[in-house]
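Read from first to last, the chains carry the letters A, B, C, D, E and F; within each, the first residue is number 1.
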Amino acid sequence: MQISGRNKLFGEIVEIKLGGVVSEVTIQVGENQIAGVITTTSVENMELAIGDRVTALIKATEVSFIK
Amino acid sequence: MQISGRNKLFGEIVEIKLGGVVSEVTIQVGENQIAGVITTTSVENMELAIGDRVTALIKATEVSFIK
Amino acid sequence: MQISGRNKLFGEIVEIKLGGVVSEVTIQVGENQIAGVITTTSVENMELAIGDRVTALIKATEVSFIK
Amino acid sequence: MQISGRNKLFGEIVEIKLGGVVSEVTIQVGENQIAGVITTTSVENMELAIGDRVTALIKATEVSFIK
Amino acid sequence: MQISGRNKLFGEIVEIKLGGVVSEVTIQVGENQIAGVITTTSVENMELAIGDRVTALIKATEVSFIK
Amino acid sequence: MQISGRNKLFGEIVEIKLGGVVSEVTIQVGENQIAGVITTTSVENMELAIGDRVTALIKATEVSFIK
């Protein structure tokens, strides 16, 4: 299976902040942390938990650059 | 100066694919590469070039997870 | 494998408009057509072609409603 | 009136999950369901309710593909 | 007709940069300019031209803040 | 410092609606109001408050047009 989303960062979940509709999931990727806001329904459907090893997926059109 | 965008990944530009309206800029961040599609106007205004050290900025609402 | 992106629409590629940096891929999903703009690199890496059966993936935070 | 957003999917609201700041609205489109996260202010301003017939609007740059 | 997208900025098209797949449309809104990248198909379908009075539509989840 | 995000609208915060995971921040820009949904963590880290003068940042790929 292949996904067109160009950026795939593999890491471990270090924090989950649960909300009623959306939740914030943070993973550790090397020296960086990546935070994502997804629906709480997805957190529950995927049974995401601290320590899970997951991949953050980011479409190239969503990336900006600072110089 | 602070930006609300939660994810900031610092790296070095390794490739720039110039297009008429949008361009693709790729940076090396540790073991990962991050590709971003931005306007060619921004590439020119910022004078982005291979070897530049820049920060990729990604809003948390744009991050999905794969498990 | 599970993806947090909530909307997954299965269909058949009916058109590919190739550009230098980004390309437009259109799929037929029942009575609707879904057009997506992805990097041309992804079109090539995934060897997308007319007639391929693929799934369009859309994060819930990207959906608006008109009434 | 025309909107540049390329993907317009017409359906009926089957679920509304209200939150303090954002809410999740789900519509039935043929055999598929489309979930969108919008501000609760918009749910209230538009007086969205189960059974309403609405159109989901999705910009082409927000669509990824899985093969 | 109502759209859930919270930000609607009314202005006049001052520049169109046409590309093969996507195009950049810039409007003047008071003292600010707003640039949007949309598909060239939409530019053609909507027959967008310099001088047209249009509304830029931006979902609240796409806005970041700098302080 | 330069950011590739093309649209930067300077204004004053007129409302903050705090949520558990995400919050809505509204600024006044000339005659328009711009609402953004960002993580509550960012609101806290940046110590955003009513009356603060901030810049809304919007990537060109996130802008649609209505005619």
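In this section, contacts are C-beta pairs under 8 Å (C-beta built on N, C-alpha and C of every residue); 3 or more make two chains touch, one makes a residue touch a chain.
Quick caveat: nothing in here was measured; it's all calculated off a predicted structure.
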| remark: Touching chain D and chain E alike are C, F
| Taking each chain's centre as its mean C-alpha position, how far apart are chain C and chain D in Å? | 18
| message | Rounded to a whole Å, what is the gap between the Cα centroids of chain A and chain D? | response | 22
| query | Using mean CA coordinates as chain centres, what's the chain B-chain F distance in Å? | reply | 21
| field | Sequence positions of chain D contacting 2 or more other chains | value | 1-6, 19-20, 22, 24, 35-39, 41-42, 46, 57, 59-62, 64-67
| query | Every touching chain pair, please? | reply | A-B, A-C, A-D, A-F, B-C, B-E, B-F, C-D, C-E, D-E, D-F, E-F
| task | Note which residues of chain B are touching chain C in the complex, please. | result | 17-20, 22-24, 35, 37, 61-62, 64-67
| request: Could you please specify the touching residues of chain E with respect to chain C in the complex? | output: 1-5, 19-22, 39, 41, 59, 61
| said: Looking at the complex, which residues from chain A come into contact with chain B? | reply: 3, 5-9, 24-25, 27, 29-38, 42, 46, 48, 52, 54-67
